[in-house]
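Dropping a structure here in structure tokens format, bear with me for questions.
For clarity, chains are labelled A, B, C and D in written order, and residue numbers in each chain start from 1.
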Amino acid sequence: MLIVMKHGATADHVQRVVDTIEELGYQARPMPGKQRTAVGLVGNDGRVDASRLAALPGVKEIIHVTQPYKQVSREWKEESTVVRLCGGLTIGGDGVLVTAGPCSVESEEQILASAHAVRAAGAAMLRGGAFKPRTSPYSFQGLGIEGLKLLAKARDQTGLLVVTEALDSEGVDAVAQYADVIQIGARNMQNFSLLKSAGRAGKPVLLKRGIAATITELLLSAEYLLAEGNDQVILCERGIRGFDSTTRNVFDVTAIPVVHELSHLPIIADPSHGTGRRDKVIPMARAAVAAGADGVMVEVHPNPDRALSDGAQSLYPEQFTQLMREIRVIAEAIGRHVADPLPAMSA
Amino acid sequence: MLIVMKHGATADHVQRVVDTIEELGYQARPMPGKQRTAVGLVGNDGRVDASRLAALPGVKEIIHVTQPYKQVSREWKEESTVVRLCGGLTIGGDGVLVTAGPCSVESEEQILASAHAVRAAGAAMLRGGAFKPRTSPYSFQGLGIEGLKLLAKARDQTGLLVVTEALDSEGVDAVAQYADVIQIGARNMQNFSLLKSAGRAGKPVLLKRGIAATITELLLSAEYLLAEGNDQVILCERGIRGFDSTTRNVFDVTAIPVVHELSHLPIIADPSHGTGRRDKVIPMARAAVAAGADGVMVEVHPNPDRALSDGAQSLYPEQFTQLMREIRVIAEAIGRHVADPLPAMSA
Amino acid sequence: MLIVMKHGATADHVQRVVDTIEELGYQARPMPGKQRTAVGLVGNDGRVDASRLAALPGVKEIIHVTQPYKQVSREWKEESTVVRLCGGLTIGGDGVLVTAGPCSVESEEQILASAHAVRAAGAAMLRGGAFKPRTSPYSFQGLGIEGLKLLAKARDQTGLLVVTEALDSEGVDAVAQYADVIQIGARNMQNFSLLKSAGRAGKPVLLKRGIAATITELLLSAEYLLAEGNDQVILCERGIRGFDSTTRNVFDVTAIPVVHELSHLPIIADPSHGTGRRDKVIPMARAAVAAGADGVMVEVHPNPDRALSDGAQSLYPEQFTQLMREIRVIAEAIGRHVADPLPAMSA
Amino acid sequence: MLIVMKHGATADHVQRVVDTIEELGYQARPMPGKQRTAVGLVGNDGRVDASRLAALPGVKEIIHVTQPYKQVSREWKEESTVVRLCGGLTIGGDGVLVTAGPCSVESEEQILASAHAVRAAGAAMLRGGAFKPRTSPYSFQGLGIEGLKLLAKARDQTGLLVVTEALDSEGVDAVAQYADVIQIGARNMQNFSLLKSAGRAGKPVLLKRGIAATITELLLSAEYLLAEGNDQVILCERGIRGFDSTTRNVFDVTAIPVVHELSHLPIIADPSHGTGRRDKVIPMARAAVAAGADGVMVEVHPNPDRALSDGAQSLYPEQFTQLMREIRVIAEAIGRHVADPLPAMSA
């Protein structure tokens, strides 16, 4: 940590910073410069409270050299984490795992048709919301527990693993009972009560990046999960807020190699929410795989015209088949492969 | 709602849009143009599922004419809502209500000293976090219930009302028991489970704007509260995410008149989080009052150098006294006045 | 400047950084830490090429302690600059100077009517574009030299000073001949050829902040003007790009006290472009004055319904009269006053 | 165009809108709704001045159905434009053209070494700035005409085409004399005087997207070039401003398929500026090609440690060789190929 003094800071100001650093139990190393003095804090173990130093008179700003996160950091753990899912499937190794399905579970017919369609095209995990966080209180809010049961039924019939979102502590328990992966949605990335619940649920967690979250904030939210003892965490880039309404979000593909540099956790990409537009999903899924994503997650609906939510960004099943074909080639071009789904359990 | 067709959309495409609109129970009004056709949907009651239309072939985009929110809208209720707090204090009338206090409740000594100091300068409500949503799991997370009790004690001694944040359903119950206003923080603006709990708690709610929330999204989150039957809602602008690290956030002062135009709910401003820098709090509190804010909320700490959180943006008590002096004059310049605090209950 | 090494950087990597710093003529001060080493560069005179150090192996990032600008900095010159305009008017002292007028000069009748109207309400400077930078090549591009002559005529009749925009070097010469202040528009804030021309033109320059410019970039663009020997520079906040289409831009009022802290140059505010909506101009002009702006610049049109550009954000003359009334009171509330216009020259 | 009336607009307000539309020479089609009335404007030829309608009483907002650009639009010209460069090379067909070279031309030795290195790895065009737009007036500003001559010498020796930036009208003439493609940089995307000069220079133009430009604004700037009679225009995505300082910019890969949908012009990608970090250039170049880019442009320096500008984002020559290998495979995976360079002229 570096404490940068104002141009006009006095020797007393500098001394007070030095004293405060030592009072906190660290060493201070003043660095006088032509324009200003800076004071290095040596021995920072990541627990220094910067705001106390920032508040001292004569201090211009505090510069952090140490990252505020720990266990999620690649400096903490060099080798990449491979998240182990049911039946031997993994995320974070050589394979690229494809998750697909509708935005919401709407009916037994719809979710089973979706599951069979995406399984036939080669997806390994089924997505579908049972608890839906909707911007408006008047929008369809999901089938709840009934939706979870339908997802479980689809898993039995197809061998697809299931990922679905939880919105609160009770939801975490329910999702953990029926699904393979608990999803924390973008709007809840900094719902710390929910993160603590999910971290204790004993299942892998898919943590989506908030719409205006920095990579550091995403990693700190993941740190909440690891701090509860759960290191089976998959991150997900799904688009950040931008200034151009041409697309729903700005799909930040660069987040993929950035996360791979800073953290040992795997990261997948969701080009459906990332772009919000069906005809952009295929090229951007290709781009994500080319950038090194450990998986992609796409919305597919057997009949997007009649979807109860997000119809405009859901692929038709035949488009998904084309997407699978294209990303298989891209994955191989960079020395990876699309992971095969498990056989149906009821088969 | 206007359904804009692509340039090359066929007559069949247009007909399918018309049929779908009528199937949904509304009237369709096609408008052929030189470059493209658009189809107006007449009779929209705010419940049309746009994504179904957006997904039809030949459709370029959907344009919303009706706002997605209802009960919070000034078109729904013309006259401004006056939120009635304990002891006859209000937010949303002529008065400008000032809330002040430390970021977190840290100790009995600290919160009582803070309360007496801000009361002496003229604040009418005390702020102070008992449950703290912290970006890092290793930061101070608040004193919890103990903190709530200390806030209640400060209220008894000073007559200040109390606002404090709840992070989950259990927290809502606890806060409702001890405080006058339940705060929903920026990170939880779209935590819909929490909004539903808060909407049912029978106390006024202070809803802070999320760091990347549009005004429409803020109003839709408020709509969750009103949909639960609670119209005692105060909105709060507290800065949005920007690209310039000179300030912590971009304090969107214009949101104040924008909310006043679109909604009947009162809005206050938090220049402490809005700017993140102590020496910008005074000019920006003045600016917020000049723009028509129904209140301001500022962080004041008896000893910012030793604050456990957000020390760098907390005012010294004497700065807060100066701020009160300045905003009194500004408020009167625009025909309002700073609301007087209640007498101490134990007095 | 601080060179932060990667966690795994070797002693050789650190040595190479030290050697490079010394080769560049500065002193190196290594600071080993628990997680990583950082190397301080002592004696930075603002000319160190950081990218050379950033490119060395083992380097994680470069942290700048010294600001990249010089002459515009308040550390370079403590006292505030007072820009001296024709006839004894100033910007940057106690007075708040009001500039008003139409977006574009459209006709003799329109500009004279505008000038008389804003003069009657108390404006001291007239705005109006003769050369218009328009997003579309098919939009009205201004009357050119003819427009400049009409502005000069309006000045003669009313005593208002004139500010108008130049788009290229030839335009700078023409504007300098007819106007009192040369405006550099937001789109050209980093048109460095234009800045150099304007810096040499011998007239005060009004430099508008680019739509996505940081304060540092704004000050560096001003530095181009001072580097040409012209210190008569007025900065202008006019809104930055945001994610919410409710307003045209995000009017960054906080930029006003931030610029006042970092630089000795005066800063005015343009709430017309800042918000893009007529009914937000009055409250936001009040907010800018309350935040300490050295002036405001607003669009007023005698007949906004028929304006050739930006009609929706232009005030009606009677609204401008109201605005003048309100900001006079706010200015006095903070110990300033609205500057009086000069008498008409032809009077 | 749709004119949306306020909820409380009167019949007179609606009539005034209808009258104004007819006075402008178009047809009006009122659409009464439950919440508000909207008025369709039929026959819009793209020249309607919206601000005049927006300014009428009772009008809430104007919604544009027609795009403001014309000649650049794919609705105007269905087939993709293939830009024809010297020697038969093209951009916009099946080939993916790779441009590489240093940020700036620094010396004869440096530019020739760069040219030979990137030619050996398979690049077809050389980049290198002779006129440099630098944020600070004290940074290296380029070698000027001398730099152009060195680029021409490099072209003679290697067969590489040359693209380099012009900053003003005089620069356009000079660049047109020595280079194959005139680059308009991001900071000048809305320097309309410069666009007009470049449009008349008789050479293909590479137009980079401004750091906060919407796709619509990028296309409107390209429209300036086509309006001058030059349809040999290549667009370039190079990163937009974001809120996370982890990367220099947000590299908006989705802009590639979006531009391909809206316009017939080719678009290339610059992952060096897009990410600002050397180790992110290779994955993001792969991503851009996977998303359908018509070319990539990367910074390569024979000795990045000693580069005078942007050293930290320049590839080492051996990294560029690896990048070429990887994007060749990706290009073929999607049915394209990396374009071969021309033979050296002097060979």
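In the analysis below, a contact is a pair of C-beta atoms (placed from the backbone, for glycine too) under 8 Å apart; a residue touches a chain by one contact, two chains touch by 3 or more.
As the structure is a prediction and not an experimental result, all values here were calculated from the model.
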Intersection of contact partners for subunit B and subunit C: A, D
Taking each chain's C-alpha mean as its centre, the one farthest from subunit A: C
Comparison of B-D and C-D by number of C-beta pairs in contact, larger one: C-D
Inter-chain centre distance, subunit C versus subunit D - centres from mean C-alpha coordinates, in Å: 27
For subunit B paired with subunit D, centre-to-centre distance based on mean C-alpha positions, whole Å: 39
Where subunit A touches two or more other chains, by residue: 46, 212, 241-243, 245
Complex contact set, residues of subunit B against subunit D: 2, 4, 7-8, 29, 31-36, 38, 40, 42-46, 63, 65-67, 75, 241-243, 245
Residue ranges of subunit A in contact with subunit B within the complex: 20, 46-47, 49, 51-52, 54-56, 68-70, 133-138, 167-169, 171, 187-188, 190-194, 210-212, 217, 220, 223-224, 227, 241, 278, 304-312, 314
Subunit D partner contacts - residues on subunit A that touch it in the complex: 212, 214-216, 240, 242-247, 250-254, 256-258, 261, 274-275, 279-280, 283-284, 286-292, 326, 329-330, 332-334
